[in-house]
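Heads up, the next two complexes both have subunit A, just with different partners, subunit B and then subunit C.
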Partner chain A sequence: MDDIRKKAKELLENKTVQVVIGYGKGSGEEARAIFVRDAAKTDQLIFDETCLQNLAVYILKHEVKHLGKIAIVATSSVLRSIMILASEQQLKDGDLVVLGITSDGKYIDLPNFKAIEDYLATLNVSITDKEKELLKMIDAMTMEERWAWWQNEFSKCFKCYACRSACPMCYCPKCTTDSNQPQWIPVASHQLGNMEWHLMRAMHLAGRCINCGECAKACPMDIPLNLLTYKMIDEMNANFGVTVGMKPDAVFALSTFKNEDKENFIR
Partner chain B sequence: MSEKFEPKVVAFVCNWCTYAGADLTGTSRIKYAPNVKIIRFPCTGRIDFMLLMKAFANGADGIIVSGCHPNDCHYSTGNFHARRRWMVFKSMLEFMGVDTRRIVFSWVSAAEGAKWAQLVNTSVEEFRKLGSYDAYKQVAKLNIEKEVFNG
Partner chain C sequence: MEIEKKLLKKASLEKLFEKLKADGKKMYAPVKKDKLVNFALVDTFGEICDDYILTVKSAKSVAFPKIEKIVDYEHSKNSSKAIDIDVSNFPEVVLWGVRPCDAVGFDSLDAIFTWDYKDNIYLARLEKTSIISFSCFKSDNNCFCTSVNGNPGGTKGSDILLTKISNGDYLVEIITEKGKQIIAKAPELFEAAPTEEKDKNLTNVPIKFNVKDITENSAKFFENDLWVEQSLRCIGCGACAFVCPTCACFDIQDESAGKNGTRLRLWDSCCFSLFTMHTSGHNPREVQSQRWRQRIMHKFSYMPERLNVVGCIGCGRCSRACPVDMNISEHLINLAEEVKK
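Presenting the complex of A and B:
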C-alpha cells in the first residue's frame, strides 16, 4: 500500500495527474471511494478486504473528467472495465494512469494497455463457485418456477437505478430507460415495468458485463440482478468463445458474426 | 368462453425477403391462418428485442420473427447480426422463465410463399395448443384493465 501512496504522491506533485481515485475510510466498516487532489493527503488512501468497489465507474463521469487527468487504484475488476471502455472507444491508452493492485494489496506497475492485457491473461476470471451454484439452481427449475422466482425478485425493485449508477459499463448519457419518445420502459415500478427494465438492462450489458457484482451490491433490495448478466457471460463463452474485458481492442461479440454461428433454433 | 381459443400472433418480418414472401403467398392465393398481424421492418437487424416484449405486453400469444436466409440479406449482414442477438436473447428469456416456445424464428425468402403459409399455420397451431399467454398478460395487467373499464 505504501507503494501506491508514494506513487500517488509523486503523480500529484509533478502534476502528471490532477486527481487520484482510490479507497479511503468510510463510515462504519466500509471503505469508500475517495478523490485525492492534494499530494499531502495521499496517506488517506487505504487498501484492505473491504475495498471492493469497482472504481472504474467514476472514470467517465462528467464531474470527474472535469477535474483533469486521473490516476486510479485498479483491482482486476477495474482493469477489466478499463479494457471494455477502451474497446468501446471511451478511453485511449495514456488517458489515465493505472495504479494496479493485487487482491492482497501489492502494487503492480501497469504503464499501458498492453501491460494490463498481459497481466489479466495471468488471472483466473471465471465466475465463482457460489455463482455457478446459483446459476445451476435456476437452470434446474422449470419454466414456471423460473418465472415465479424472477417475478418475486423483480417485485422488490422500486426503480431507484442504483444498479445502473454503480455499473461502469452503464455510461450512456441518455439511457433507454429515460427515453419517453417512445417510452420503452414504463416509469412506474409495477410488475411489467420492473421486468422490462431488468430484461433491457441485462440485454444491454450482454457481452459487456465483466462480472464485478457492483449492480447487486448497490441494490438496496438485495435483488441478485447480477445473475442475469452472469448468465450472459456464460452464453458469450459457450457460443462465441469470448471472455469479456481481457483486451483493449476486443470486438464486441454482438456487433460481429460468423457464418457458421449456430442456428438450430431457426426454422 | 365456449368459443375456441384463437391465439393472437404478431409477425416481425423484414421488408426484402419475408414480407415479399408473404406477399407471394397472397398473390399465389394460398390460404393461411388469419391470426397473424404482420409488422414490416427494413431488416431483421432492426428488430429490437424490446419490440417483441411489447407485443407480449399488448396481448400477443405468439410471435414470429423472420427474415432473409443467411447470405441473402439486402444489407449483406443484418440477418447474421440478428441471429447472434436472437441466440443470447432467447437464452436470456429462458433464464427469466419467459415461454420461448411462443417465439418462432425463421428464414423465409421472397420466393417462399408456400413456406410462409406453412410457417404461419404450424406456428398458430402450436400457439393454439399452448393457449393464452396468461402468465405474461397477468404481469402486463391486461385482464385487470378490462375489469376496470367494465366497471
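Presenting the complex of A and C:
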C-alpha cells in the first residue's frame, strides 16, 4: 500500500495526473471511493478487504474527467472493466494511469494495456463458489419455478437504477429505459416494467459483464440481479469460448457481424 | 387535543391487531422477507416482525405509492375524454409499527402535496390511513432524528404511539381523534396508564449538529466547493430518494393501448441526471454536485423557508441505501461546520 501512496504522491506532484481515484475510510465498515487531488492527502488512500467497489464506474463520469487526467487504483475488476471500455473505444491506451493492486494490497506496475492484458492472463477471474451454487440452483429449477423465483425477486424492484449507476459498463448517457417517446419498455415499476427492465439490462450486458457484482451490491432491495448477467457469462463461455474483459481489443461475440459467418440467418 | 395515556398489556397487542383487522381495515406492518424488513399487507399478527430499527423503504407508499394512476383518458374520432380517478374507493388502512421519524415524515409530504394545489389523491389516501407507531428502543449510527427536531419517542405525526416498558407491556399515547377512534374499537383492552417513565425505555440518539446552523445560513454555502467535494463519488441513482419518507418528486408517464390509456405518477429523484433535462438538451443542473446540492438545499433550505418544515426527519435510510456511502449526517455536520468558519 505504501507503494501506491508513494506513486500517487509522485503523480500528483509532478502533475502527470490531476486526480487519483482510490479507496479511503468510509463511514461504516466498507471503504469508500475517494478522489485525491492534493499530493499532501495521498496518505488517505487505503487498501484492505473492505475495499470492494469497482471504481471503474468513475472513469467516464464527466464530473471526474473534468478534473483532468486520472490515475486509478485498480483491482482485477477495475482492470477488466478498463479492457471492456477500451474494446468499446471509450478509452485509449495512455488515457489514464493504472495503479494495479493485487488482492493482498501489492502494487503492480501496469504501464499500458498490453501489461494489463498479460497480468489478467495470470488471474483466475471466475465467479465465486457461492455464486456458482446459486446459478446451479436456478438451473435445476423447472421453467415454472424459475419464473416464480425471478418474479419474486423482480417484485422488490422499484427502479431506482442504483444497479445501472453502479455498473462501469452502463455508461450510456441516456439509457434505453429512460426513453419515453417512444417508451421502449414500460417506465413504471410494475410487474411488466420491472421484468422488461431486467431482461433489457441483462441483454445489454451479455458478453460485457465482468462479474464484479457491483450491481447486486448496489441494490437497496437485495435483488441478486448479477446472476442474470453471470448466466450470460456462462453462455458466452460455452458458445463462443470467450472470457470477457481480458484484452483491450476484444471482438464482441454478440455485436459483431462477419460476412463469412457460418450461420446464414443473419444475411 | 391533549394526549391521553393508557396501558396495553403485552398479551393484548395481538388482540388489538385482530380487532382492527376484523373491523375490515387493511393492516400494513413490517414484515421480514428474504432478509429485508419492509411494510407489507399482513393477514395475521404472527407475520409481523418486531426486530428492526427501520424498514428499508419508508412508510410513504400508503399515501404516495411508487405508481399512482392519476387519470384515465379516451380518444375517439371527435372527442377526447379524461376520466378522474375515483378516490372514494380507497381502502381504510392501518399502518402498524411505524417509527416516530416516519410518522413525522407525513408532515413533509402533507406540506408538499397541499402547498398550492391540493392533491386529492394523496389526501384521500392519507385520510383513510391511521398511524400506529412504536417508539424506538434500538438505533444505529445512521439515525439522527434528534438533530432534526425529532426523538425516538416523539408523538408528532402518529395517531397512537406505543412505547414498550420494562415489563413488556406498552404505554399507549392517544394523540389524535383518529387514535381515539381506534381505541374505541377495543376499549376493553386498555387500562390505566403505567407510572414508569417513558424516556428510560427509549434508545439514545446523540445530537450530531444544530439544524438551525444549516436552515438559517443556507445562503452562505449555496456557492461552495463542498458540494463537489461531497458528491464526486455519488453515482446519481434514485436509491436515496426512493427509500426516503419525505422525498415527493414524481414523474408523469402515460401508458396507452391504442387511443386510450392511463396517466401515471411515478417516483422520481433529483439525483438523476435526466431529472432537469430540457427538451432542448439543455440541463440547468448539469453536474452531480448541483444535483446533490439540490437534494440537501431542498430539504434544509427551501422547505423550511417556504413550507415551514424541515424536509428531513433523520431516519438515515438514504445513508443505509446509498451504494457509495454518501452519508447524509456526515455531510450535514460538514455544512454546519462550514457556516462557523
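Here, the second predicted complex is superposed on the first by the 256 of 267 C-alpha atoms of A that agree within 3 Å, B and C clash if a C-alpha of one lies under 4 Å from a C-alpha of the other, contacts with A are read in each partner's own complex, and residues count from 1 in each chain.
Definition applied: contacts are C-beta pairs under 8 Å (C-beta built on N, C-alpha and C of every residue); 3 or more make two chains touch, one makes a residue touch a chain.
For clarity, every value in this text was computed on a predicted model and none was experimentally measured.
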{"item": "Touched partner set for A:207, first subunit B, second subunit C, both or neither", "value": "first"}
{"item": "Subunit B versus subunit C as contact partner of A:5, first or second or both or neither", "value": "neither"}
{"item": "Partner chain(s) touched by A:34 [first = subunit B, second = subunit C, both, neither]", "value": "second"}
{"item": "Which of subunit B and subunit C A:190 touches, first, second, both or neither", "value": "both"}
{"item": "First, second, both or neither for A:62, with subunit B first and subunit C second", "value": "second"}
{"item": "Touched partner set for A:174, first subunit B, second subunit C, both or neither", "value": "second"}
{"item": "Touched partner set for A:138, first subunit B, second subunit C, both or neither", "value": "first"}
{"item": "Residues on subunit A lying within both footprints (that of subunit B and that of subunit C)", "value": "190"}
{"item": "In the complex with subunit A, residue positions of subunit C that touch it", "value": "34-36, 56-57, 66-67, 141, 228, 231-233, 235-239, 241-243, 251, 253, 255, 264, 266-267, 269, 272, 274, 287-289, 319-321, 323-325, 327, 330"}
{"item": "Subunit A partner contacts - residues on subunit B that touch it in the complex", "value": "49-50, 53, 57, 70-71, 77, 80-81, 83-99, 104-107, 119, 135, 139-141"}
{"item": "Residue ranges of subunit A touching subunit C (in the complex, touch as defined)", "value": "26-28, 30, 32-35, 53, 57-58, 61-64, 66, 152, 156, 158-162, 164-166, 174, 178, 180, 183, 186-190, 214, 217-222"}
{"item": "Subunit B partner contacts - residues on subunit A that touch it in the complex", "value": "138-139, 141, 143-151, 176, 184, 190-192, 195-196, 198-200, 202-203, 206-207, 228, 231-232, 235-236, 239-240, 253-257, 259, 261-263, 265-267"}
